[in-house]
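What follows is chain A paired twice: with chain B in the first complex and chain C in the second.
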Partner chain A sequence: MAVSATLRLDGVGFSYGAEAALRDVSFEVAAGERVALLGRNGAGKTTLVRLVAGLLHPDAGTVWVGGWDTGERAPEELARRVGSLFQHADQQLFARTVREDVGFGPRALGFPVHEVRRRTEEALDALALHAHAEQHPYDLPPALRKLAALAGALALEPMVLVLDEPTGGLDRGLRAHVADALREHAERGAALLVVTHDLAFAAETLDRGIVLDGGRLACDEPLAPLLGSAERLKPLGLVPPTVAALSVALDLSGRPVRERDAAHALARVAGGGPGL
Partner chain B sequence: MRALHPFTLLAVAAALPALAWILPAPAGGLATAGIAFCLLGSRGLRRGLWPALVAAAPFWLFLLLLHDVRTTLAIGLRISTMVASFVWLAAVLAPDRLVEATVARGWSITAAYLFAATLSAVPMLRARARRIVEAQRCRGLSPRGSVANRLRALRALALPLVLSALHEVDERTLALEARGLVPGARRTPLAPPPDRVVERVVRWGLLLLCLAALVRRVA
Partner chain C sequence: MTRLALEEVTFWYPATRAPALREVSLEVAAGEIVALVGKVGAGASTLLLVAADLAPRVTGGRLAGAVRRRARSGIVLPTPWTQLSGMAFTVWDEVAFGPANLGWPGHEIARHVDHALERLEIVSLAARDPITLSGGELQRVIVAGLLAMDPDLVLLDEPTAELDPAGARSMWRLLRLLAGEGKAIVVATSELDAVPDVADRVVWLEAGAVRAIGTPQLLAEDAACDDGLGTTVARIWRAAGLAPPYPLTVADAVQRWP
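Moving on, here comes the complex of A and B:
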């Protein structure tokens, strides 16, 4: 069965003056897919996120979001379909309370009051922010401000979520909240494109890996085998996460990259099963 | 112009407004404003003249509302000189060179840093404002359209901009103190900008010119 793409890039190129940031990048992300966008610093990841959000327009090719050409739409119009989180997202908060800020997007898009409330409460729930809902955003530590900004993007309930380093500065517990929220939104049909240097988080949360190198698409494949291959990651400036490296070192069956899968494989080995 | 010693740039930027207020109006103000805008013109229309004109315009408007044409002209030209001098200084003075020059002279590093940080904050705040506007647009906020829309967009920009700037000042202060930047501390100059004799003469000349103009005015 053919899966219709929610996000599609057709031969996209973009330059900052004479410096090419992206060259002939093409890929598709279907509804419900969870994709990691990887690559070393300067590979073009943030540029790609800005193109999808409509903040930049491609010099060549087209970015499609559910049939909309992002080059022909303003970012505020694309907000109906694309939820974005940028690297300094904690600086965008301005309302008097976290709850008010999370509800800002749905209000700006003109949804009815009950819908604004539902989306706001669900987004706060998803990231366990209810305890802070009545606090001023700037009374929160930066990590929680980042979560509040992410909740604002989730409250848009977009068909595409593009997130630039959503786990930067978050501890393990907060990362788990983010992972759960992203899985839930993907299950509801959102396409996820997550820029991250946190390969452990990517391994736990995402399924497919797209790697950019020097502005070009270097690879696009299932994430688990890619993360287990140090030889392939090294020239792309990436290092396998600890669990993936451990699986390879111990030659665990199926080369798991997620902690739970690796624990099961190890338990089988310890129990004399066919793990090792 | 950027190659000039920072103290020379400061002296020019301070002397022009001083002369604008000391010399008789409107000729004095006209002359100093003319010089200031000529200096700015060398930076181009977009990066030099335009910001100064935009900054000075509201002053002219309010002066016209409050005073007759003669007074408006007298005060407006003086204020325009001040604005143009500051915009010119912000464009040509490299904050790090000023800090180096001050350190080399053995003056207070804290005062120099305060001034340099103020100048370097302008492009930083502009970049941050752009980031915030982009983030708000991605949340559905349109900065265009009706006055209400624009006011809403302004609030969504101003509050995070000011709060994050204050927050950064706090963090930067702690970071500087933690690295030994405290009042009275001696700092090692690494590459002090060259201070030529001719520039020193120009600086003293400007000071004497201001004093002479003041004495003449008072007398």
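Moving on, here comes the complex of A and C:
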């Protein structure tokens, strides 16, 4: 596993001045894995995203991306392997149109024109951004600006996608587009590490949960049972998503955490056929 | 008492043909929480900017219709990090920036700032430099800065977007408390499952126009579910083929369950 891990953190620590943000964090994410990075505000999630993207270098330990020590690589070199979405995605947008911005990464990596075009159009398609492709990114609402920055990360078709709150402010339809796009990239072999407070989105899209608390790794396990346990989530500043709460409250079999599974379970108990 | 009244408001951003709001009429009373829901781009953020007197005054553009405010308003944008004053080196000073600009005496400023920090549960952050805060911490600081000015009309755009789930619950509880004190609150949110316990009324916006106004029960109706605006419980109930009316919340579902 250690050899095949696409992303590996070995005893990683980081401090802002005297304030420790991460302490001795170790985990691995294999190709195709879909991992949620969870935790209360200030737990260290955003710092970890910056470390994986190579914007910060660890004070202790090492972040490995496919065998590269991120501390020894410049962010622009790392962009060949890591696609990032930062919390304040506005800072990632600078081109005059959404299309130009999405294509910037592949262009900067030196791909030929037809390949840049393919990646750009696919990313725009995946996130339903074609209608906005010729708009200036700053003419879009904040939620769509974030989506444009995400499209830019997807267009890199990277080995690792590390995303900080990709769904904030998105409506359900756009969230579903993000979920589909992430699943597809994972199927193609990308390792996903997604910071999110949107536990409903996490439940639908991701299947392993890593929780940080006070800068330390508090747990690393399959996501569904974790999201179903209010007792375990509470001390971590988390609350079960609605589907998990409904499953527990109605004692649905298998304790589903995804909408579709809950509807099936409900239909079975009610004796009707699910209208799915 | 009406704190905000929009009468047939249509608004165009500069250099755009299609209006971002179309003939929107809405009254918000003291003590009331109104939730704005809709797809991205439906006009909720624009409605808040108009209510805050930022559109067209700051954004530019053109407004038709009438906006009446009988209150001092404050707004929290969906990008709270753009609302930092840039003039403060501690959270306490950041929260004091608004009240200081209102020309209040020092002891009044201190009282309001301390109270706001307590309400947002960020007293422990008072001495921190705002630029070192996490997204969720910053979102609380900006809301505290708004409350420290004691506005009668509170306008919030996705106020829980950066908060962890426990923090989001605290924020929604705080809004109910503020409404109980007589503040009028308008909140745009994509967190539909929170709406039934928080909002008195729901305004469903579609392509800049009001599609429906009603109680939160609106979010359990077929039309809302079709448009992705049903609550999770309503959607599951419906997808399971169970008969309407669909329950809105887990608590409703438990009552309905045999």
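In the analysis below, the second predicted complex is superposed on the first by the 267 of 276 C-alpha atoms of A that agree within 3 Å, B and C clash if a C-alpha of one lies under 4 Å from a C-alpha of the other, contacts with A are read in each partner's own complex, and residues count from 1 in each chain.
Everything that follows uses one rule, which is that a contact is a pair of C-beta atoms (placed from the backbone, for glycine too) under 8 Å apart; a residue touches a chain by one contact, two chains touch by 3 or more.
Since the structure is predicted, the reported quantities are computational estimates derived from the model, not experimental observations.
Placing chain B and chain C on a common chain A by superposition gives a clash between them.
Shared-chain residue A:206: touches no atom of chain B or chain C.
Using the contact criterion defined above for the overlaid structures, shared-chain residue A:104 touches chain B, although it does not reach chain C. Once chain A of one complex is fitted onto chain A of the other, the partner contacts of A:88 extend to both chain B and chain C. In the superposition on chain A, A:156 makes contact with chain B only, while chain C stays out of contact range.
Contact with chain C, but none with chain B, is seen for A:16 once the two complexes are overlaid on the shared chain.
Of the two partner chains placed by the overlay, neither chain B nor chain C lies in contact with A:178. Of the two partner chains placed by superposition, A:186 touches none, neither chain B nor chain C.
Here chain B and chain C are compared by how many residues of chain A each touches, and C touches more.
Once the two complexes are overlaid on chain A, the chain A residues touched by chain B in the first and by chain C in the second are 88. In the complex of the two chains, the chain B residues touching chain A come out as 128, 131-132, 134-142, 155-156, 159-160, 163-164, 167.
Contact residues on chain A toward chain B in their complex (touch as defined above): 50, 53-55, 74-76, 78-80, 82-84, 86, 88-89, 91-94, 104-105, 108-109, 138, 149, 152-153, 156.
By the touch criterion stated above, chain C contacts chain A in their complex at residues 38-41, 45, 78-79, 81, 132-137, 158, 161-169, 190, 192-193, 228-229, 231-233, 235-242, 250, 253-254, 257.
Remark: chain A residues 16, 19, 39-42, 46, 87-88, 90, 141-144, 165, 168-174, 197, 199-200, 233-234, 237-239, 241-243, 245-246, 249-250, 259-260, 262-264, 266-267, 270, 272-276 touch chain C in the complex.
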